[in-house]
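Below are two complexes that have subunit A in common, paired first with subunit B and then with subunit C.
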Partner chain A sequence: MNGRYSREITVAAALGLLLVALAVFAPNFFELQPLLSRFTSQMPALVAAIGITLVIITRQIDISLGAQFSMCAVVAGLVAAAGMPLGVAILAAVGTGIAMGAFNGILVAWLGLPSIVVTLATMVTWNEMLRLWQQGRLLPLPDGIQWFGLSQAGGQGLVIGIAVVLLLAAAWAMRHLAAGRHVYATGTDAEAARLAGIDPKRVTLGVFVLMGGLAGLAAVLNLVQSPQVQPNSGDGLELKVIAAAVVGGVAINGGRGNLWGVLLGLLLLTNVNPALTHFKMEPYWERAIQGLVILLAVVADGMKRSKKSTA
Partner chain B sequence: MSTCCRYGVDETSTLLNAVMTAAKPSLKSLLARHEVVLLIVIALEILLFQSLGRRFLDGTNVSNIFRHSVEIGLLALAMTPVILTGGIDLSVGSMMGLCAVCFGIFVNEAAMSPLLAALLAVGIGTLGGGLNALLIARFQLPPLIVTLGTFSLFRGLAEALTKGSKSYSGFPDSFLALGNSDIAGVPAQIWIFLLVALGIWLLVHRMTIGRSFRAIGYSPEGARYAGIPVRRNLGLAYILAGAIAGLAAVILVARLGEARANAGIGYELLAITAVVLGGTSIFGGSGSVGGTLLGYLAVAVLNNGLSRITAYQLFDQPISSVARELSGMLTGLLLLLALAVTPLAKALAARRTKT
Partner chain C sequence: MKRILCTLALCTVPFLSACKKSGESAGGEEKLTIALLPKSKGNQYFVTCEKGARVAAAELGAELLFDGPTNSDPAKQNEIVENWISLGVDVIAAAAENKDGLSTALRKARAEGIEVITYDADAQTDARSFFVNQATAKGIGDALMDNAASLTGAEGEFAILTANLTAANQNEWIEVIKARQAEKYPNMKLVDIKPCDDQKDKAQQETTNLLSAYPNLKAVVAVCSPAVPGAAEAVKQAGKTGAVKVIGLGLPSENKAYVKEGVTQAVILWKVEDLGYLTIKAAAALAKGELKAGAAEFDAGKLGKLAVEGDNILLGTPFTFNKENIDQFDF
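Up next is the complex of A and B:
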């Protein structure tokens, strides 16, 4: 299992094992309607995970994505509540996300500041701004927003469809477009990329902007699934998707990783909690398990690297 | 080895700076000193809050400024060696949550004396710091992602132990006095803080191990060739951070009279802000404990001062009742500003020489 896709195979095997265990011990896990709802509710995280994967491959990190998600959801909710059509609300959410992503990107790419501290600061700034502004109010949405005004099945189909199309497009672009290869090149060695004619600053700014836009879109995909907007809907999302990316084989040192691994990582992580409840374990362990999984993935990654360097 | 560290590059440059400052004590060179700028910022904050706020410089409020923020000061002290080595520890706030919950369990369910429980809580902090140290120093993994993982793990364990909502109270008065009484006119916990500050200052500025933190942050490879035990000293910085986080948790519980899983949420940001405001480079290699103390003072005064402003409103609420959110937001922006100043000044200077 030392091949190129060893991590993907390991994660797929773990996911398979988890699903088989569920099939044997808790077959009602696989009832169609709850399964579909669960899957749909994981789509926003998948869209955000696409963004963070690009950011991490560029050798950066963005822990403000959860705050961006919350902010975009509230902006979209307010626009929709003001009677604007859904399309305008979607544009507002994505635009807000792009603006916040550009703010991170400018500080990181142009001023050369470390992304972990920049995004830690913007995370707190957006979250507190939101709390100051909304004071924890639930924002009711007008009719015609939930499930895009379609039937529930239609809406679920559309949410899953959008996320899957985005995943396919991003995976294709990362492999076949010059822009996608530039992301890998910048993350592997920014100086070498610059000598090869790539502008690493522009690539870095680009991935942060894209991250913001995807956080906005993810917020919309989450918003249409309920009749109201929670003011803190993105809390903790950053850890979930960073864990998914790291588990899925994206190297935290940049330059390596692919979206299929991330998809598997996300499915594995998001099914741990339902599995815990099905096995009558306490759901309070979710965060601890998430942290443990991040640490295990990083240790596995480090051991692989040191083996390679001594060989 | 000792000669190389005693008269390292940064010592020489400090000496050079001192000589130059002494030779030409102009306003410009004075302003270039980070501590001076910070003192001006703090003075402006005090002036602002004294004129807008209610009884800001009142004796009890001044001691409250310190009483209510001493945990952040402790974390900032703990974070200074870590950032000097070029690392970061995002897990200290979560570590406080875990230590606070463990302390509550030890006293309430295991019927231990608060002193023994406090020692054990600090021990748990040391162990947690040891886990960070093991992964970062021994396995050479990036501190950012390791401490992001333990950030989640420690808070998660605290939540699991309390099933998400349980809190522990009913501590004896003798223990609560640690958080709420005065000794010689100064809040009791401030004495502990001063002791820790002195210890960290001695470590960082007067001991070989502490001086190696900056060498490691400046160049780990160079430090290794100079004979510094890089892994051991790097690990020590994280272990120390965990232990101090445990101590901060005990002090927080003593002040609030309650131990919950959410103790210390977001404190890592405040601590990092204090350190960076204090002039320690986020890339490691340079900085001082004195700077951190001033940075902490700036953050603490901002936090407290906003809560004294009752006469002005924001979003139809008196500023004092949204002080927590407002100061969180301003702290984030302050951190960004503090980080951006140096590269912005450099970029401007480069542009000026070009034209």
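Up next is the complex of A and C:
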């Protein structure tokens, strides 16, 4: 029952059940074009979820990731609109993300400030800056940006490909690279990690920087899916990916979790909405169901922990 | 070159009217100074308002001051009103960024004997004489439903994309749409209402889902502006351009590409230039004592006679932007 992968199995079962119900009651859900579009549109969140998973395993949190995403999208959009090649726009987005991530990381790691407060402050700051700067206008992108200048099918393939390669690389690195193990060690017990020769400050800075860079890349993967950028495109993304991580079994108090669970959590949560549409149910249910799923995950975590402490 | 010409034109207007003034001063009539306050002066929407306002001011031989925050900034709006009070302008026409905040400054202006009207976004009713109302809920809802019906032959399923399920404005429009459909288009059916949280990308995903969940869908009606291009992109990517109509409330500039491609059939909004024109006409009439409380209609020059409901001067039914006319508008 309490096997190592019990959470992953539970979430996979819930997702499987949902898909079976859809197959029976709303087979239209599996039409290729909408299915592919839905999946592609979830890839930016997957990339951001990789980042937040690392942050949470380090026993930190970054709620500014949605604001970072918005900022990176606007920067990339402006660079592209200025006539720069797509590659430059991508670098600008990732670079901007890294800078914002480093800012969070320095404040958290070196000044020892709580990450929830630091990233709350940076979230509000980036969002307000964007509001003042862009006035909510949609920013038109030049031709050749959408789908990286490929066909729709080719572009969707590339978006999914990039996200999946990143997921595989990150999952492998977390298991097999020293840096990956340092992330777990820092989150489990920073003092013990320090005694073992790990520099927790560097690890903390590292995960925030990586989070920023991934938010930038996620913004690009989102940007290429339509010909205009909205300056608040990352609104709410932080809730979506933190929820996916929690549902996927990442311990909110650090040190535990893996990306496969997060992937399943994200797929489960993001498919609630299209499932409701296909079941022709009121959209009011979406948040309620998502909330219930998160609650179940948190309660399951809590029970597991209390069982361990009494055992 | 074009820019220089425009600058020249703008510079000459006060001179011309100044000449006129000196000619008229024999009659003892003073030239009106009308101050127009936008929410933000860099915003294309208000720049377009100003364009119409300039036309009206030229017609009236009035001097027009146009100033506002560079970004939507309520505090800066108050500051500008204070300046106008000490400058002693005749009328202030304001679009309130913050209803309560600006009302205090506007009340002060009235106490100093300056006439005040509002446009686009109202202040508190006791802070101004009239509100130039660009569109009523009934006007917007009816225009959306009528367009949806005429594009689909008044038959078949349609869905609505809204901002969020608790947005007061949107819910009011949706109620009008439902009532209009029940009354005039019995063969149409509203199958779903989806919130997009005012996000274009979410509107795109919601539309993708609607298209597969309702294969007979004939039209998507978006009642918040980011949802219009979002819905259009989804319809385009699904290869259903033309088969599923997209209409909504939005800015022509944000939808131009889709309208030209035939993905979006109609964008509903008022003519922003006319809003500026009407505001200045009403402001001048108020200052001259020609527009009084209780009036039932207002003669707005080239816009004709417009209805006044209570203290709201109505710009009239919204305008439909489509393939034929959208190129003429740049806001």
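Heads up, the rule we're going with is that the second predicted complex is superposed on the first by the 303 of 311 C-alpha atoms of A that agree within 3 Å, B and C clash if a C-alpha of one lies under 4 Å from a C-alpha of the other, contacts with A are read in each partner's own complex, and residues count from 1 in each chain.
Rule of thumb we're sticking to: a contact is a pair of C-beta atoms (placed from the backbone, for glycine too) under 8 Å apart; a residue touches a chain by one contact, two chains touch by 3 or more.
Only a predicted model underlies this, so the values are computations on that prediction, with no experimental measurement involved.
In this superposed model built on subunit A, subunit B and subunit C take up the same space, so to speak, and clash. When the two structures are aligned on the shared chain, A:Gln228 is found in touch with subunit C, with no touch to subunit B. Of the two partner chains, neither subunit B nor subunit C is touched by A:His176. When the two complexes are overlaid on their common chain A, residue A:Gln33 makes contact with subunit C while staying clear of subunit B. In the superposition on chain A, A:His278 contacts subunit C only, with no contact to subunit B. By the document's definition of touching, neither partner reaches A:Arg202: not subunit B, not subunit C. Contacts of A:Ser41 after superposition on the shared chain: subunit C is touched, whereas subunit B is not. Residue contacts after overlaying the shared chain place A:Glu128 against subunit B, while subunit C stays out of touching range. Ranking subunit B and subunit C by residues of subunit A touched puts B first. Only one of the subunit B stretches 60-68, 186-194, 240-248 or 312-320 carries C-alpha atoms that clash with subunit C in the superposed arrangement, namely 312-320. According to the touch criterion, the shared surface of subunit A, contacted by subunit B in one complex and subunit C in the other, consists of residues 132-133, 135, 284.
Per the touch definition, subunit B reaches subunit A in the complex via residues 88, 90, 135, 139-142, 144-146, 148-157, 159-160, 162-164, 266, 268-269, 272-273, 276, 282-283, 314-315, 317, 322, 325-326, 328-329, 331-333, 335-336, 339-340, 343-344, 347.
Contact residues of subunit A toward subunit B in the complex are 61, 63, 107, 111-114, 116-118, 120-125, 127-129, 131-133, 135, 239, 242-243, 246, 252-253, 282, 284-292, 294-295, 298-299, 302-303, 306.
Across the interface of their complex, subunit A is touched by residues 40, 42-44, 71-72, 165, 191-195, 197-201, 204-206, 208-213, 215, 226, 229-230, 233-234, 237-239, 254, 257 of subunit C. Subunit A meets subunit C in the complex at residues 26, 28-29, 31, 33-34, 37-38, 41, 132-133, 135, 137-138, 140, 152, 222, 225-228, 230, 232-233, 235-236, 273-274, 277-278, 280, 283-284.
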